[in-house]
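In structure tokens below, several structures.
Two complexes, one shared chain (chain A), two partners (chain B, chain C).
Up next is the complex of A and B:
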């Protein structure tokens, strides 16, 4: 997007790198035997490392999601202001794909071939990222922390050795939600409202492990078709009194709106993706006659899940760090949960860069993450699952109820699990109670 | 049963919106013989005008009125500035120009109004109408939409069938030279046709937006369905446009509710192909004797 203006032409990049190599060779402190040492990798110089990402900055998925890169940018700026990682400044290029896989393809090619990024960090969306994941792996570009909970980012390391997930996958989220409902609401008649792609499919797989007998109705909507009236009418007709929804934020607002229209009032349980109370509240609040009041209060009583602390927890040391970062380096607007999300994965990327050492290479980054991934402390409530055999992201979450003004009230401890038949257990890592290091940059 | 009723009502409201959009296309087709692809972004722009007025603290109806007025102006300006220079050249020139306008308006709206989703108020509330114990899946605003579209349809029929002005507009559209010889101010008629069509389009925009979310692309899916509705009705007939819209709205709603929402676009295509195969001129076409 706008950053294109400042993007160095590839030739200039090569010249700069050559100049640097010459400088090194001229007898600085470095004395690598075979020329170049750590600076021969694409997108890496002595002074900087260039990474890229694709996000929907426009279109149906843009509300909320377009804020994620602003958060990541603010955190990278914060780290850069403190000297960067191993002396390298992180340059972050964001391109708009409008949540359209065709565009994702184009902008990813640009990032990899023209801008010569070292790694992709946080590219968003299941359908969008699916379109480029093979390309990135063929090119050997590290593809870290995909902003999507689809299983495919981490369940087959041989097929996609360079791709890593980040957020808890939809299947374990479905499992934990399913178990919660089976244990606490055993009499509920459950309806499922699903996005008609991997998102809904993975989640349904998880939910059905625990709720097979309780499900009375399943409705799927197609992203892009904003008329969900027929689907909600179907759920109403099925008699569901608890609706588990796996949808994007705009569809949370739409489903609430249509339910008002139909006079349908079940207990709603939105998965993490679609449940940001501030965003949904602001979308709903402007409708007339006070039918939907207040900003965030319209989601009061709704159940959802949480895997990183959000802005409602102002006391949390991580949120305090994010607030400080945003105050110092943020662009216009307030700190939001989406910006927190962006900062959180930016934090993990900085950890990965540190772990990869001074001699930064693409393969080195991947190896480092496989080695130390499970031990990385961070804002996430449960540890990552990164090993040589699994690139799945955060291993767990907790069920919360949204209360007055959007505060999340925990209903369960942090529960961890894995895909397939893995049991659900209480987390013992203590990740939920840790705090960031003093300077706010991982040590 | 309730699901059946609600799905039908949902389709009915949606169908009326398609109909409103189709009416605008029919209007411009009848008065200028051009298919206006920029109809949707033009309506989007005027809808944002209404939103700006409402956000500034004024009443919904002031925004509504100003949107229609700005539609009138926008339509006239587009005709004078963009379409007039290619008048008399092959019609495809004008059509391609409207496609270009589509892109330009989209981009401008993104710059001026921003790209985020915003909610658009509805004047009669967002809760369904309650009958006894059950809530019907139609809002007061939905009923208003249906009434508004029927009124517009009736007005258009009257305009073209009964009034002298309508006759002149049709004459100007069918054969400019002859119309000129007969004393019709062809230029003015074309401008008027665009202006009125743009007003109808603005109305469609407002009806779709009410009680829903708007962003610069919010009319894009309506473009496709509105075109299908207009073509179903034969592009020439206001009544045909409304029937086409209803037919499409109801079919799509039932397909979405009972078969699967992923088949909605495919169904629209299937209906279009079926109708064009069986009645190439549309459901309400008249014999082609007037083709010029």
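Up next is the complex of A and C:
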């Protein structure tokens, strides 16, 4: 009873205060704008430039992916040891998001608002990064070389002016795989094994442009659910003798194990993301608790794609550079394809910094990348597609067969394309044959 | 002095309002000195505290265990996300929060009805099923609920009068992060006042009676089922508000944010802070929010690699949990309160501690199970 009588009193008090405040009209004073920039950019000083990234360092996605930032760090250390870029040392902060978008949000806020990074470089994952991409663009933080092939990083520059992709998007990968199959395996009955998010969707869009009539079955799995038995059985029942798989490494291992159990033996074609022979080999023996002896040769005979040279090509000048960098500045462990991936995008970031010039600003960096992006040399086999209208990453890849204990044997030349119905063409830029500059630091 | 104390303990509503006002002052003081990132951290602390507060009422006062509060938060968060799809959405924030609470309340009633028939591990099992099932629903209705990638939440522009008011009071520009933190803490304070009042009322006494001895409570004329359902519903509503706050803080509602882990985390916050105590819920939430970052910071400072430093956080978290269970089984607040009681009893003052005296239904064993709404200082 008492409550009902006392309640309005404080409320009335609050209202009265509000009315009083409104009457004072203090709002006029609230008009100070930012100084308009110019003096110094966030995260940049005479001596250093601070960048950051989010990666899964713990949790289910950590195997493999947690090695990417160690590679990038090693390359930044290598550049710093040679004096940095325009006299600035690159400081690289890595935060663990455990591949959980909620955490990605927290750590990205920490990087941007507390650590005051100049740019995000190589943040990993489609669901994770899409949780923060709007925030980064609102804050005007350059968001370079997202470690994911989703289309959304580059296809709408107006909406996301600060975000740039890096690896070939899943749609052109799907298109190139589709065309290869249509031309070389025209009688194959094709089954699709897809991750049930942008990854699988974009890829399916690409594949179906070329293979609409050959597809006999489509199965999807939800990332996180480790039982893929029904999906593989479904593919088997559909009679598919060629399975195109767009999945992460763990699911490559799982799909191999399940099809062993079911006695299903199609030709497998894994997209680049899920086809690292070393990682899949170790996952195979881990998941089967030793029942299957996993090694780098476990994937021999499998088809896949590649867009940067991997560690199996020891005589490639880029791989030689990465090996040298890793020997000089690496932490524990061997050079792996994931570390090569990290070094490759670190290399592209150093190029971007150089192109942006001495007076480093966030907008300047974005403009520089839009201007010179298509002409950048680098380990990628095909050029970037960066212009003022597109922030899509590497434009092409080649189809390879894994054999002889994990080595990639090229089946096609480097093929380039773009999203939508752009044709697939042989690359003429000669990007695949270039070599790093003398000192290993871009000029 | 004694008289003042006993007067203070009798004017429940006034006491709660005064404490809430003091809490709000502390919130303003802290947030005005905090940067953008700290503000967001404090906002996360507020939503964890809100959900933990709801759970501590359910578990501490009514003796029901819920492993499904993360799922209830998801319902609040998804409701918020559906109502705030883009910047042009015209629903005022207050209405959005109320809608989130309403939706969760409805689910709470339904689950509460089932839960009222169950006890102990069976109830835990049933709510566990909820925690596992709800993220699956979001995956199944991919078109509407965004599947694995979830739904973005776009906070509407801050109303002009709020900006003016904030500038007038604090002399500082109100940033978005600080605005979110204010909204979250305001929601927390309002909810906690309501919860504290409720737990001191006849309803709260019934809940305790049911918890302590179901048969005795029934003999005294209390409808067991009704008491249990009402406790679950109230607790769910708090979780719904927490979900709404989480959605606007994180700007995303995705299944991966509402795994079983979240439900267990909430239970951890309650146990760490002290079962049944709203202050304990806030302390637990503070530990969960700040501990991982602080520990990772130590790791990096000690020269560990990023990966090692990241792995340190779960380790220390587990150790703290084990230590609290071993050394302070009634949680941090419970232990502090017991120490205070022991000192008072040993001293010249004959009166029993005020909180117990004010609560006729307090169990004679008098653990940490009385409830007061303390301030909200982090």
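We take it that the second predicted complex is superposed on the first by the 394 of 443 C-alpha atoms of A that agree within 3 Å, B and C clash if a C-alpha of one lies under 4 Å from a C-alpha of the other, contacts with A are read in each partner's own complex, and residues count from 1 in each chain.
What we mean here is this: a residue touches a chain if its C-beta (ideal position, glycine included) is under 8 Å from a C-beta of that chain, and two chains touch if they have at least 3 such contacts.
All values reported here derive from a predicted model rather than from experimental measurement.
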{"item": "Which superposed partner A:253 touches (first chain B, second chain C, both, neither)", "value": "first"}
{"item": "Which of chain B and chain C A:126 touches, first, second, both or neither", "value": "second"}
{"item": "Partner chain(s) touched by A:331 [first = chain B, second = chain C, both, neither]", "value": "second"}
{"item": "Touched partner set for A:109, first chain B, second chain C, both or neither", "value": "second"}
{"item": "Residues of chain A that lie at the interface with chain B and also at the interface with chain C", "value": "57-58, 66, 196, 222, 224"}
{"item": "Complex interface listing, chain B residues touching chain A", "value": "2-3, 6-7, 10-11, 14, 60, 110, 115-128, 130, 134-135, 137-139, 211-213, 215-218, 221, 253-254, 256-258, 260-262, 264"}
{"item": "In the complex with chain A, residue positions of chain C that touch it", "value": "13-14, 17, 35-38, 40-41, 44, 139, 142, 147-150, 152, 154, 160-161, 163-165, 167-169, 173, 177, 197, 250-252, 254, 256-257, 293, 296, 305-307, 310-311, 314"}
{"item": "For the chain A and chain B complex, residues of the former touching the latter", "value": "57-60, 62-63, 66, 196, 220-222, 224-231, 233-234, 236-237, 250, 253-254, 257, 260-264, 283-289, 291-292"}
{"item": "Touching residues on chain A, where the partner in the complex is chain C", "value": "2-3, 6, 10, 18, 21-22, 24, 26-27, 29-30, 32, 57-58, 66, 69-70, 94, 96, 99-102, 105-106, 109-110, 113-114, 126-127, 130-131, 134-135, 196-198, 222-224, 331"}
